[in-house]
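Letters A, B and C name the chains as they come in the text, with residue numbers starting at 1 for each one.
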Amino acid sequence: MIRPAKMIRQVLSSLFKKPATNLYPFNKFEMPDKFRGKIVFDPELCVGCKLCMKDCPAGAINIKKVGEKKFEAEFDLGKCVYCAQCTETCFKKALKFTGEFELASLDREKLKITFNAKPDDTASK
Amino acid sequence: MHKFTVPIGPQHPALKEPESFNVLLSGERIMKFSARLGYNHRGIEKACEERTYIQNVYLTERVCGICSHAHSSCFVQAVEEIAGLEIPRRANYIRTLVGELERIHSHLLWLGVAGHEVGFDTLLMYAWRDREIVMDILAKLTGNRVNYGINTIGGVRRDINTDQIKDVSKAVKKLKERTEYYVRVAKEEVTLIKRLSGVGVLLPKDVLKLGAVGPTARASGIERDTRKDDPYGAYGELDFRVITDDHNDVYGRTLVRLGELLESYKMISQILENIPEGPITVKAPRKIPAGEAVSRYEAPRGENVHYVKSNGTDKPERVKIRAPTLANIQTVAKMLEDRNLADLPIVIAAIDPCFSCTDRLTLVKDVGHGKGRKMRWEDLHSHSIQWYKARGIDFSDLNKKMEKLLK
Amino acid sequence: MIGSLLSIFIFPGFLFLMVFGLSAEFIDRKLYARLQNRVGPPWFQPVADLIKLFSKEDIIPEEANPAMFKAMPILALTATITSFFYIPTWRNEALYHFNGDLIIVLYLLTLPALSYFLGGWYSTSLFSKIGAVRTLTQLFAYEVPLLMSILAPALLADTWSLTEMAVFYSAHPWYWLFNILGFFVALITLLGKLEKVPFDIPEAETEIVAGTFTEYSGRLLGLFRLSMDIELIVGASLLAAVYMPFGLAISPIFAFILFLIKVLSIVAMVSVLRTVFARLRIDQMVNFCWRYLAPFSFLQILIILALKGFLVR
């Protein structure tokens, strides 16, 4: 039956419900498990085959040799498309993805991060 | 009455993506309509030639944000056909599941956009609120809300476990009752029916002549759906109907899309019940042997065609993408003949334009001459007819069949 | 002299109308958002928008007529403010009254529509011209039902003055119930006058960018927006004074609070109507107004004429 204002009931009942908006950034938003965010690199496991560089669609990862069996990884977070193909290509499992997605920055240089080789194992930004 | 030309676009609130339309108006009547495409051209086909196949899976995904899985699956199907790979059944089912979820999210997005174009912002807000349910499910299954990255050459990258299956069933149940509400709104709300009926009329013979695809064609009664005509993925084993409608106008397209949403929920339930066990991927070589393949896929907007030619190295020689909007854009000029200016935004929105998919360029390299040259459309047309005749294929009896259909 | 200057600029004049207009815009937008299950803007949003617009530069197109371009917002604002002086708010008498002020109020309320047309026409931009022509076409559609439905209560009271009407209805309580049909017709035509959905055709965002206001920016656009807010208040108070004229003879404070409640409830009704409809096309709108609204307002006048024979004055 065609009538005007068909949505009136639904619309009036919304007055008594909580708004559907998530007040981000005041409410922390949790991404689901296995969300593809920033990539992290474990220098202990890398053997320097550079297959990850070959498979990256955006050319965002760069593996450099800094010593005998010591490799460091440079990521350009601006170029990365967060597809996690490198994590699957690496047969040594040196690359893993995390759920971190709040990576915006006002300075393009800050988007280039480096994971240093051992012996200083802590990743520096 | 004084005639003047109004430029709609490239920047206009009615268009979500830049495209230039020039409309010759006399009062409020449209006298002439001409389209000019190409503002979103990014050189993707050329970029595909310089990247390996595994990189191209992600590049073709980014042709469009809404039908990303369609482009990526179509490309991967073509490559798998050249390489002669037979992917496991479970991988087919997972690909189809993500494809149907993408169709749901695309149609709900369209519903909101159509509401916005006719000034019905309430429908926009409600439809997009319900679309968040699908986006959350896709983030759980694949790891991202758009550009899912679930395809790889030889299968899929992630598996689905029983918890995720339960979540998907719950979400589909909630969406089904919301979609049935929207069907009731579309059939009963009088201002919406007034704005959508009788607008953008496209008769069946025009559909066949101009080659429209997707819900644009199905709303004129033409039963054309790649999932039934040429089954790929798991569609050969699923039981579903092709939704058509007889209204021939924008209202019919709305009903077709809402009907397809309901069919998708049924298909997803069947997939979740019957998903077979097994591996999710087979090993694919890095260097694909020489060959060529054409693959078709039913994107939410219509039929998507990819052509891939390989030459034995790890990079393709030529990738050609024909998006469904390119086939549908010709029909807009026909639909807007002698109509009001107020109908223009909803008519353009009704073919569900995705100009990011559409803008490609054709540059023909003549191998014998050694350097590229540009061919005009008529030269290309006669060149292609000669090419097929030289291989013994004659199109004249197909032409006779088309004449009979158009009578 | 000082008294009338104070009333014109402070209360119930410019300052009061501005504050009330901005609060009404906030209530309208917040209600619209809550009906759509969203959060909505904070209370200071209309003030912030106005301050932002006033701090930006006015850009006048090269081919436009600068004098007319700048004069139109001022015309719209002054017309709406002036028409408020004849509407009773806190007692039976309005600030100024004479026999015939109902017609003056209705005339002054058509001036904003004329200023939208002239502003759009003298902008010489394509989209402005289309919007301007649509404003006038819409005016021809809704003006007749509005006038006729406002005429009906005036017929019952046998006077052309809003003040005398208030006196009449205070003397005969419950007579305003005979005008209910006219109230609903006037509410729908008020949507047309205020250019809100389903009749926001002259300013259809997705079709003609912004219609008349495409080329306006800065302070001139701020003045136009302010005059639209004040028009909302004035239209709602006119409806309240004509169709809900009860409670005006009791003490001024009580009558004023009742007036605020009446106006805000009409604003709320306008918001709800704005939420549930889609926008009509201009030919559909003209069709609807002449085929459905005009006969109903005729019917209201017939009812009143029939009642006049039977009722005790």
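In the analysis below, a contact is a pair of C-beta atoms (placed from the backbone, for glycine too) under 8 Å apart; a residue touches a chain by one contact, two chains touch by 3 or more.
Computed from a prediction, not measured in an experiment: that's the story for all the values here.
Undergrad: Taking every chain's C-alpha mean, which one sits closest to the mean of all protein C-alpha atoms?
TA: The most central chain here turns out to be B.
Undergrad: Measuring between mean CA coordinates, which chain is farthest from chain C?
TA: For chain C, the chain whose C-alpha mean is farthest off is A.
Undergrad: Could you please state the distance in Å, as a whole number, between where the Cα atoms of chain B are centred and where those of chain C are centred?
TA: 47
Undergrad: Rounded to the nearest whole Å, what is the centre-to-centre distance of chain A and chain B, using the mean of the C-alpha atoms as each centre?
TA: 29
Undergrad: How many angstrom lie between the CA centroids of chain A and chain C, rounded to a whole number?
TA: 53
Undergrad: For chain B, jot down the residues that touch at least 2 other chains.
TA: 122-123, 126, 129, 189, 191
Undergrad: Scan chain C for residues touching two or more other chains and write them down.
TA: Counting only residues that touch two or more other chains, chain C contributes 35-38, 275-277.
Undergrad: Can you pull out the residues of chain A that are in contact with at least two other chains?
TA: Counting only residues that touch two or more other chains, chain A contributes 4-7, 11, 20.
Undergrad: Please output the residues of chain C touching chain A within their complex, sorted ascending.
TA: Answer in residue numbers: 33-40, 272-273, 275-277.
Undergrad: Could you pull out which chain C residues touch chain B in their complex?
TA: By the definition above, chain C touches chain B via 35-38, 126-127, 130, 197-198, 200-201, 204-209, 275-284.
Undergrad: Under the stated contact criterion, what part of chain B meets chain A in this complex?
TA: The contact residues of chain B facing chain A are 51-52, 54-56, 58-59, 62, 122-123, 126, 129, 132, 136, 139-140, 143-144, 147, 149, 152, 157-158, 181, 184-185, 187-191, 193.
Undergrad: Which positions of chain A touch chain C when the two form their complex?
TA: 4-8, 11-12, 14-15, 17, 19-21, 23
Undergrad: Under the definition above, what is the set of chain B residues touching chain C in their complex?
TA: Residues in contact with chain C: 4, 6, 12-14, 28, 115-123, 125-126, 129, 189, 191-192, 194-195, 340-345.
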